[in-house]
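Down below are the structures I want you to see.
Each of the two complexes below includes chain A, the first together with chain B, the second together with chain C.
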Partner chain A sequence: MTKSKELLADSVGTTHLLLANEAIARGTLEAGVRLVALYPGTPSSEIGNNLFSMSPHIPDFYFEFSTNEKVAMEVAGAAAVAGVRSMMVCKGPGLNVAADPFMSLAYVGVRGGMVIVVADDPSMWSSQNENDSRYYSLMANMPMVEPADPAEAKSMLLEAYEISEKLELPVVLRTTTRVNHSRAPVEFGPIRDRPKQVEFQKEPFRFVPVPAVARTRHPWLLEQIEKAKTISQSTDLNFTEGEGELGIITSGVAYNYVVESLSIMNLDAEVLRLGMTHPVPEDMIAEFLARHPKTIIVEELEPFLETHARRIAQLRKITVDILGKEQGYFSRTYEYSPRIVMKGISDAINRNTPTEWETIEEKVRDLPDIPPRPPLLCAGCPHRASYYAIRTATRGKAIYPSDIGCYTLSIAPPLETADILFDMGSSITTACGLARVTGQDVVASIGDSTFFASGLPGVANAVYNQHPVSLVVLDNRTTAMTGHQPHPGTGLTGMQQQVEPLDIAEVCRGLGVQYVKTIRPFDSVADMVKEVREMVEWVRENQAPAVLVSREPCALLTAAERRRTGDYPPQYYVDPEICNACKRCLNRLSCPAMYQDPDTSKAVIDETLCNLCGTCVEVCPQGAIKQKEE
Partner chain B sequence: MKDSYDIIFAGVGGQGLMLLSAILGKAAVDADMEVLTGEQHGLSQRQGSIYVHFRMGKPISPLIPYGTADMMIAMEATEALRYIEYLRDDGVIIMSNRIMPPPGETEEVALDEERKTKYVTVEAIEKKLREITENIVLLDSLTLAKEAGNPRTENSVLIGAVCSCKDFPIETESVRKAVLDLVPPKTRDANSRAFDLGRDAGGECLG
Partner chain C sequence: MYSGSADIVNIVISGVGGQGVLTLAEVMAKAALADGLNVRVGEIHGMAQRGGHVICTVRIGSDVRGPIVDTGTADILVGFEPAETLREISLIKPDGHVLMNSHVVYPVAVSMGKAEYPSEETIDASLRKFTENIIKFDAMKFAKDAGSSRSMNMVMMGAVVGSSLTPITEKSALKIIVSSFPGRYESMNKAAFKRGLEEVREHI
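Let's look at the complex of A and B:
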């Protein structure tokens, strides 16, 4: 609705309440970014969602949902090499996918400014690991900045483009989930014009790193990072505040927790806040350590700044107690909070934590057990029907490689159809490895967006090497988990143009898969059970890969469409006269819209939650679940 | 020591916590207050337990320190208990009596042949919450929303009740304006009625 309109407003000096991700989307306008390419990934997703809504309204601007992060890095990297400002956005594991071009980009450098936004996910709210992307900057020798809040997310983005153009190097803007999903007032600055076109100036002995070229570029890169140290030493992004004998070095949102903790603990300390964290300001840190014989390092995840501080202290022969993760005062896992930071600081200076916590905990200890509420497939999710069919057809005995998407939630009982997962696209390839050494049936599943992102090489591999694997492509017509972005199978582009969609079944046939079928799980779950069984038997007989496309739109898309049109099918209900409380629907489907009547033990459908898929109708052996008359 | 008014929102993915956060945030910014929130987006929206840390005034960090929230707004009753350690002593709880049993709980209830495993009840939750605070507004939000003309206006019922709290730092009409600015235009009238019903019901509870 109006958020993208708000972000487009040419209203300098006005204040807007924005998520950091929205502030970054706004920042692309103020930085005059000509091209943005990304593959969606939470916690960075809202950046792309907003640019998608904004893109047709920005002159001389190009935005795309690339097929994956490696592709996005290359598209954006080339645009910056050509001479315009560009941006690539990804989540932490997305940078792993894009690591190859990332490393080379540092060698060849860029002519226009380029910023790579990478959103790490401490606590793994929606990621398969919490790898600390700061080490990528260190490894590639690419400068890095780390904002702590939405206002800084935008201001540092603008600063990052300046640094990038000064050094002719891409700059990493690294965030964490807590920053991406913080909302705060942000002041708008002027929108900068973008060039319509630039002419590509050839310079192959810079931009084609064959060995002879690469050997000249590595020393160049090291020279640039030396220049970057000078910037880090003088930039306002790194600053000290407060006074005290105790020193604290911190960065990102941990800085806010430190300030809040000092206030609550009534503790005096001087804080060195690092906004530019690669390269670190060596002299500044050395002087700070020399001033504070006791210095605590507060940073989430790995001891990145801590290791730098220890290195600098050793090099400069500074005698200082550096207190952090190495001694166990702070954890290397999960995101921090004011409480965790208060505890760490208290332990490091041998002080008691604020006492009221114990009384709070005392009270909470007596609370009744609350049932856990993990994320689950939505009511009306087509994946529930598909997995019910897969499990029924294979009696739970096959191996079920899974992939990255909502459908990984099928790990939970009673569906239990996720047995192995590494990364995007690994369903197909792990299936290949498992099929070769186990002799068991292997039924892998992958979503439509993931299929295009990283599934294709796996399918080609399965065909080429003739792996006996069954693959179900769960085609829900969107990139659901990250907030419904389009993908090649939908045909809608980042510029909101409708082009010819890529057809998954045709793509599989084109790649040489001999057995390809498409089914609608909501047409008949029983038919899908039959289809899965047939596919698995075909694979056994033919010792080659087979694909079943299970095509049904995401329940949230269907619900939104119904809200738009006002056209609802009749409600489902359990007829208590017929229901014999066998609980098969409850035990087999685990649908959030169903529960048990506490008195009769019969199933009940919560009409306010039901998304009208009708899967339960087929699962009920009594025929007790019915649809109301119109 | 603390220079902010802090609210912890609790609910189930899909209940509209993010919109609620945006609405109160807009009302606060319009009233010239600073706002800083810590929200949950993404995977947790799939029927999972979610929270928002909402801070206004002069907040320092996006997360409320343990035991210092001035208010809790719970859109689902069991979720009020899950995050109760954030509420300060005698803080206010604005909560729906709505319970959405997670399928995991249903599974345990369903599998217990002896029928000893029971669902958590609103009565049990309220009893426990009263050990922390007496300032509880327990609303039949769905019924009130239906009364307002649209069952999807439960959140406006709760926001209306928020405005009935004496120490809530934003003017009622500013909050109503933010609600009406951010809900879908077609639902404005129903949301306005829901807001009033919630405010009146809240006023009665808090006296």
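Let's look at the complex of A and C:
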């Protein structure tokens, strides 16, 4: 659900219930941002979705879904070098992709303000790791701010542009899932105009970091970060509150848990809340540590602030107990909650934790087994048909490199067609490595958006080095997992213009793949089984890469389209007279819309959940699954 | 109990991806905001439409800061499905209220014969070990009666408002329900809301 109309409103002082991601989208208007470039990644996805809906309605504004994060960083970086305000947005692993231009941007700097929004994902709700992106700021010497809630997400974005322009450096706005996906009241400020155009002033001995230039830029960067320390020392983003002998240093979403914990525990403490976490306010921290011989550090993931506090205490010769992750009071894994923070604080100061927890945990141990309900491919998902065909054609014996998207959910039984995954695009390249050192068939799969994001170099590599790999491109016409953003294969741009789409099969042919075919899995699953078998045999014979594009729109897009038009195909049902309760449909497809009748053991289709793909019809050996007459 | 400030109301909504859990959380929070209350919502996206377990939190009260509802601190647990209600029951306060849809959605593991779905009696007895205040009704039937299974989240919205356990007024709730969805869903959503509201008002 995007709310472009609400976010576009020129209504200063009104309060709106917003996700932090929506507040950031609104913030781009209030900051007068001229250009935003991003590749979608949860937990940052709604920023792009909202800007996409808003973009045609904002004068002098440009928004794009870039093909990947490295591209987005370069597009937005160049705009800021030219002199306008720009923004790049990504999830934590996205900054890994964009790390190369990120490091150089710190050396060359920017003329217009630039903010890089990076959303980390403690607990890995939707990511392959929980890497702590704060170390990128440290490594690149790029200033960083960390909001604690949606209101701060917007206010800190505005502040970040001011800091960026003062220092001529991009600023990182680092969030975590619990900030991105919290809703809270946010007050709107005035919308700022954007320049229509600027003229690019050449300055190659700044913006082209050949070694001779780079050698002058590194000392410049270190000077800028010294100036940033002065800002960090005086900014309102860093503040202390409360009173007490105990000191607590915290940042980000953990700040909320600290405040709530102190209130619940009825504990007195002075809290140092750091909103600007790179560079940290050295003097402020030193004075705080000197005031509190016992200081607890509460931050999610790595001991980033904790290490700074220890460094500062050592430099300034302050005798203080710094209590945190190093002694095991707090964890380096997963996100925190008030309970985790209360436990950590209680342990650090030798206090008992509330006894109620144990009473409840005892009851939890007595609960009956609850059947697991992990996320699954949706009812009507074309990937289910494709993976059923891939698995059937190769009898489950091939190696199945997977990639990043909904289709990674095929890891679960009964599809079990995800064997190895590193990052975006790794399906093709891990297939190359596996094919070279095993004698096994390798059938990789990659989604359409991921194909354009990071698949192309892998395909070129497979062609160049003649790797015997089969690749199925699961082309569901959208970036489904992150909330249905368009991509080069759809031809719809971030400005909502329709351009000529890039055709995946043509791209593969252009890159020199000799065997390229396109099929529709919903036309016939049996045909797809045959096609996969043929491709794998061709690869064996020819010792070269082959591509099969399996093209069918995402079930959620199809369902939305049907709701819009009111045009539904007839329902499917299981004829109980014919069904012999063999359970093949249930066991082979694991479709959420099918279940077993507890009384008869026969299969049943839940009409409220069925998305009308018809894959089950072909899987039933009895012909018991039928479609109602029109 | 250690749930902090007395005026805080913690609501947990638990269900299956695609049932409208996220939408209910947003509508509920918007209604609270319309009533001039401070509110926070905690959501987890990404897996929400993919048939998996989904949980959302709504916290109302002037001292509310973060979005998380911890073990034993929920005033209301809104259960869209019996097993998913049981999965989150440890969050309820000893005197908290469970508002639960009785309509079962079988997990795929059960359909495949790899796990068993607990019996209705087992689920009810297990819930009762945490709180006596359990109100159970067939929200799926009410939703279908109102026009579509998709209005089930509005039945649950009605149930929450009908419980009078939150400061959200019926007036604000109806206002937000009307403004949040396309006009063609208005009468269906209102009917679903009213049915849920009456059901719980009668039984609380």
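Here is the rule we go by: the second predicted complex is superposed on the first by the 628 of 630 C-alpha atoms of A that agree within 3 Å, B and C clash if a C-alpha of one lies under 4 Å from a C-alpha of the other, contacts with A are read in each partner's own complex, and residues count from 1 in each chain.
Methods note: a contact is a pair of C-beta atoms (placed from the backbone, for glycine too) under 8 Å apart; a residue touches a chain by one contact, two chains touch by 3 or more.
Predicted model only: the values in this text are computed from it and were never measured.
S.K.: For the overlay on chain A, clash or fit between chain B and chain C?
M.R.: Result for chain B and chain C: clash.
S.K.: Would you check which partner chain A:Ser263 touches, where first means chain B only, second means chain C only, and both and neither mean what they say?
M.R.: Touch status of A:Ser263: both partners.
S.K.: Scan A:Val437 for contacts with chain B and chain C and give back first, second, both or neither.
M.R.: Neither partner.
S.K.: Based on the superposed arrangement, let me know which partner A:Val210 touches: chain B (first), chain C (second), both, or neither?
M.R.: After superposing on A, A:Val210 lies clear of both chain B and chain C.
S.K.: Is A:Trp125 contacted by the first partner chain B, the second partner chain C, both or neither?
M.R.: A:Trp125: touches chain B and chain C.
S.K.: I'd like to check the shared interface: which positions of chain A are touched by both chain B and chain C across the two complexes?
M.R.: 15, 17, 19, 42-43, 45-46, 125-126, 149, 178, 181-185, 253, 256-257, 259-260, 263-264, 337-339, 342, 356-357, 360-361, 363-364, 366-368, 370-379, 406, 409, 413-414, 481-483, 583, 586-587, 590-592, 594-596, 606, 608-609
S.K.: Applying the document's contact rule, which stretches of chain B touch chain A when the two form their complex?
M.R.: Against chain A, the touching part of chain B is residues 1, 12-14, 21-22, 25-26, 29, 34-49, 60-67, 78-79, 81-82, 84-85, 100-111, 115, 118-120, 124-125, 128, 131-132, 142, 151.
S.K.: If you look only at chain A, which of its residues touch chain B in the complex?
M.R.: Interface residues on chain A, with respect to chain B: 15, 17, 19, 42-43, 45-46, 125-126, 149, 178, 181-185, 253, 256-257, 259-260, 263-264, 266, 337-339, 342, 356-357, 360-361, 363-364, 366-368, 370-379, 406, 409, 412-414, 481-483, 583, 586-587, 590-592, 594-596, 598, 601, 606, 608-609.
S.K.: Under the stated contact criterion, what part of chain A meets chain C in this complex?
M.R.: 1, 15, 17, 19, 42-43, 45-46, 125-126, 149, 177-178, 181-185, 253, 256-257, 259-260, 263-265, 337-339, 342, 354, 356-357, 360-361, 363-364, 366-379, 406, 409, 413-414, 481-483, 556, 583, 586-587, 590-592, 594-596, 606, 608-609
S.K.: In the complex formed with chain A, which residues of chain C make contact?
M.R.: Touch residues, chain C against chain A: 1-5, 16-18, 23, 25-26, 29-30, 33, 38-47, 49-53, 63, 65-68, 70-72, 83-84, 86-87, 89-90, 105-118, 122-123, 126, 129-130, 140, 149.
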